[in-house]
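Below, each structure is written out as structure tokens.
The following pair of complexes shares a single chain, chain A, combined with chain B in the former and chain C in the latter.
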Partner chain A sequence: MERENRFWRVVLLFLPLSVFAVFVVWPLFSSFWYSFTDWNGFNPDYAFVGLDNYARIWTDRLFYGAIINTAMWMVAAIVLPTLLGLALALLLDRQIRGARIFKTIFYLPICLSAIVVGQIWTWIYQPDWGLLNAIISFVAGEPFTHAWLARPGSALWSVIVAWSWQQTGLSMVIYLAGLTAIPSDLLEVCDIEGATPWQRIRRVVVPLLIPSTIVVIALSVINSLKGFDILYIMTGGGPFHSSDTLAMHMYNESFKKYLMGYGSAISVVLFLIALVIIGFYFRQLKRIDEIYG
Partner chain B sequence: MRSMAERQAFPLTPWTAALIAMLIMLAVLFLTPTVGVLLSSIKTTRAIALGDLWSIPGELFLGNYAEVLSNPAVHRYFVNTVIVTVPATAASTALGVLAGYVFAKLPFRGASILFLAIVAGMFFPPQVILVPLFRLFNGVGLIDTLWPIFLVHTALGIPICTLLMRNFFATVPNALREAAILEGASEWQVLTRVAIPLALPALAVLATLQFTWIWNDFLWPLIFTQSDEKRTIMIGIVNLKGQYTVAWGVQGALSLIASLPTLVIFLFFQRYFIKGMTMGAVKG
Partner chain C sequence: MARVTLENIRKSFGTIEVIRDVSLDIDRGEFMVLVGPSGCGKSTMLRLISGLEDVSDGTIMIGGRDVTRVAPSRRRLAMVFQSYALFPHLDVAGNIGFGLSLARTPAGEIERRVRDVAERLSIADLLTRMPRQLSGGERQRVAIGRAIIRDPEVFLFDEPLSNLDAALRVRMRLEIARLHKALDGVTMIYVTHDQTEAMTLADRIAVINQGRIEQVGTPMELYHHPANTFVAGFIGAPAMNFLDGAVDDSGAVTFAGVTIMPSQPVSRRGRATIGLRPESFRLAGTGEADLVARLDHVEPLGAETLLHFDTPLTVRVNDVVPAVEGDTLGLVVDRTRIHIFPP
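Here is the complex of A and B:
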């Protein structure tokens, strides 16, 4: 019996594991290797340059800018989709007529591609006829033509807002799933004890949503680390690299400047940051599992 | 646990009225961008440039759609995207079924560590494997074909597919498998005749998720293809942006057409889609 099980394990796992190993695991480790070389993307040959690429990171001003932008993106990712998603979930977690339609509306952006989302929001920020400037002009009573995506001061934040618009639905759904797990007796006790709706939310519901919050924040942070497609179409990392993220910087160095060795070094840094966040996330998930089963 | 139906219906108080008003406002805010593209696609470029994008048009202008649909490049982009998306969705789901079944029904020493390592794969930014994959496919002469996109999407789909299938197969009672094996069925027969027929809803979840992600992907076709003949639709949007620089209406129509397959899947399989998204996120 056990011999047969062993046979089937090998047979069934062979294909998935080898595909995963060849196209995901092996490239991951090769990235470390190439980060010590000067491969340029064309020549089959490359030289081993030791720690040169890592030394270069220390002096690369664009790299610092990208790190800071990625960090800002992460902070915004924690605040915007999380808070908005929580608010929407709390508003929708009751029997309101049409709750399902509302959920569909808030969730819809997640099925659009980052490219289409970027395209849509490029128009909202369009200086001459974009909706944002139109509203500001209307409120201010005078023409307003700020080029949101073309100014270093506002480019990154404009993209982050567009990105949050897409991410909020995901946070909302995770919070809604968390809300259904709150026992209704607990909420009835609140009513009997005469708690106001606000007290009920602040003192009972939100504390019980901490596991969902961990999931939402971790996911938002991880997704913010991937920020690339939407930046590519909206700003391309510009103007003057003011909206570069690590993912964008890595792409530029590798595939625009053909410094594949240096790009690999950046990707190693990206990998290490992701590893820390994912490790933290998995530990928290385990703890959530232990507490809540 | 409580279900929606058990909850008290709210009487219409000022508090609920305010809530509903707030929801409607937020919904309008959320819908505005999408409605904007829709409006742009049925207006002439002239009307948009004159600042008339955000009004409801008196008449339907379909010239933008005609322009997009008669462009042979758009046809090519679509065909390429289908050629990549459909097989990669099927392949990644199939591989996830195989691996998920073993992790759920044939556990072994070290299985949980291996499982965790595979699942972790879905959280890493794709940039961390970009350069070696480019070199690999360049070396074997597959750059500027659709093969690398198909292969990489199949491989990158394995984590989520394995995760969801393992979680699903774990809910299938072991007694079913044991009974079938006592009857003389092989493991393969248990998988194909017993487990997979039961797993159809889970397969629907995976297929909708994978299809959407692969269809919408931008990075891999950007890296692996160069000639316009091999580009997929999302790259096509960016490329045609140059061709139709100020033809905003055409761009809007193209964006909508490109989103149509995933929009239709989302609207019809919403329940599956959302279930997959939350399971993938929470049940790591």
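Here is the complex of A and C:
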């Protein structure tokens, strides 16, 4: 019986594990390998170059720009959806009229693909007839034609806003679930002890939402590290690399300049950064688990 | 020290009325226990007193002040919850001093008062621990500490011992009784479904059933003079035996084929429900049995033995009974402890 069970376990695991091996493990190790070569992505002949690609990273000015942009992107992509999601959850958790409809509306963007979101916001940012400039023109009472996505100063932030608009719904839903899990008697203690609404949020609700915050931040970090498609559709990393993130830079080096070896080295660095952040996340999870069980 | 008065309190959730015209007067310094089966409305009543729920109708007075529409924090009361309701992110000191810190009390004073309360509750060595690191009894004490640090006039306890194991429950019961004495004059309102807790802790008990108060009285009043079969059946363990019977014109009571003349006069005549506590019987000597019944099950409890007869009847005797299931035993009824209820 036990032997038969083991047989079926192996058989049933084989298919998903093979898919995982072919589409995740193999490309991962291939990337590692290609990062030590000068492969251009097409030519079957390529040479082992050791750590040359990694050495080149140190002298790549665009890489540093991409690191700074990635840091800005990550911080904003974590902070904005987290704070907005928390604020929306706190607002909509109360028994207010239409809360259910608002929850659906705010959650809707996360159901759209990043390409669709990117396209919608590209239209919104359109300098001549975009919604944003139209509103600003209306409020200011004079024509306003700022090219949000075509100016180095505003391109990255414009994408961050679009990204936050999409991601906030997810944070909101996680926080709403977290709020539901807060035992009602803890909130009743606040009522009896005379906590003001602000004290209640700051001293009780927010600390009790730390497990949800950890999940929100982890998802934001992972999603923002993967954040490529929306940048690709809205700015392509431009103008003048002003919205180049590591993922974008890797793509440009690999598929536009055909430097697959160098692109792989960038992807390995991105992978290591993700590894450090996720390692930190798991350590925090363990700590949180010790406090909140 | 405050008197708590409920006047014609009603509470409905939608179309369902859970508290039905309840009036109750709780003296200052009194330990009042609200007891009743699950879902009878006793916790709702406590929540109405605390202000966590609004009354649908009626008035609540605390210390002569109408607090019906007053916020919970302004009613000068403290509440200990069934789940302890400790904040998992605060240590013991943080939990006890929570209310003081909300009121922006200086840190030094918070520390001094927290230590003072912790010492009174013998948890001074736990002040830096997190709630997760505490046992059930310790958590309960922290919850009580958070309540007493506020110097409330009224203490509300919502089934505070129901999450503890049997041995700890007995110990904490004693501690709560001591606390009531130590807090000299603080009114306590305690909700429980456990009639042993009610009997041992209360100055007076209010028995609640389906949102109504069935009877209010001292534990012994309720035990010896229950107003109806509900109170009689709820107070006392094992429960009172109820038998169909009748009272004839002379006042003699007939049940289970036996006719007995109670020692006190009986006002009711005709069909009745006869209530007999398990200890209202003794095993009969030769020729003195009032009734004879077949033994169904024997529960030896050490200090006493419970005999379950097929009548059905439960009898408590203080001796070890050498009888076994299936034996037929004679029983003598205590004439002074026969309860007559409407059928």
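By definition in this document, the second predicted complex is superposed on the first by the 282 of 293 C-alpha atoms of A that agree within 3 Å, B and C clash if a C-alpha of one lies under 4 Å from a C-alpha of the other, contacts with A are read in each partner's own complex, and residues count from 1 in each chain.
The rule is simple: a residue touches a chain if its C-beta (ideal position, glycine included) is under 8 Å from a C-beta of that chain, and two chains touch if they have at least 3 such contacts.
Because the structure is a prediction, the values reported are computed rather than measured.
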Combined model on chain A: chain C and chain B, fit or clash: fit
Contacts of A:Ala195 with chain B and chain C, given as first, second, both or neither: second
Touched partner set for A:Gly141, first chain B, second chain C, both or neither: neither
First, second, both or neither for A:Met250, with chain B first and chain C second: first
Chain C, chain A and chain B - angle at the middle CA centre, rounded to the nearest 10 degrees: 80
Partner chain(s) touched by A:Val215 [first = chain B, second = chain C, both, neither]: first
Which of chain B and chain C A:Pro183 touches, first, second, both or neither: both
Partner chain in contact with A:Gly263 - chain B first, chain C second, else both or neither: first
Which superposed partner A:Arg203 touches (first chain B, second chain C, both, neither): second
Touched chain A residues, chain B compared with chain C: B
After fitting on chain A: smallest Cα gap, chain B-chain C, Å: 8
Chain B/chain C common contact set on chain A: 183
Residues of chain B defined as touching chain A within the complex: 1-4, 6-10, 15-16, 19-20, 22-23, 26-27, 30-34, 36-37, 40, 48-54, 95-96, 98-99, 101-102, 106, 108, 116, 118, 120-121, 123-136, 139, 151-152, 154-156, 158-159, 162, 187-188, 191, 212, 215-219, 222-223, 234, 237-238, 241, 248, 251, 255, 258-259, 262-263, 265-267, 270, 273-274, 277-278, 281-282, 284
Residues of chain A touching chain C in the complex: 183, 185-186, 188-189, 191-196, 199, 203-204, 207-208, 210, 290-293
Chain C to chain A touching residues, read off their complex: 50-52, 71-74, 77-79, 81-83, 85, 87-89, 98-99, 101-103, 130, 132, 146, 150
Parts of chain A lying in touch with chain B, wherever the complex brings them together: 4-6, 8-9, 12-13, 15-17, 19-20, 22-24, 26-28, 30-31, 34, 39, 41, 44, 88, 91-92, 94-96, 102, 104-117, 119-121, 123-124, 128-129, 131, 134, 165, 168, 170, 173-174, 177, 180-184, 197, 212, 215, 219, 222, 225-226, 228-229, 232-233, 246-247, 250-251, 254-255, 260, 263-264, 266-268, 270-271, 274, 277-278, 281-282, 285
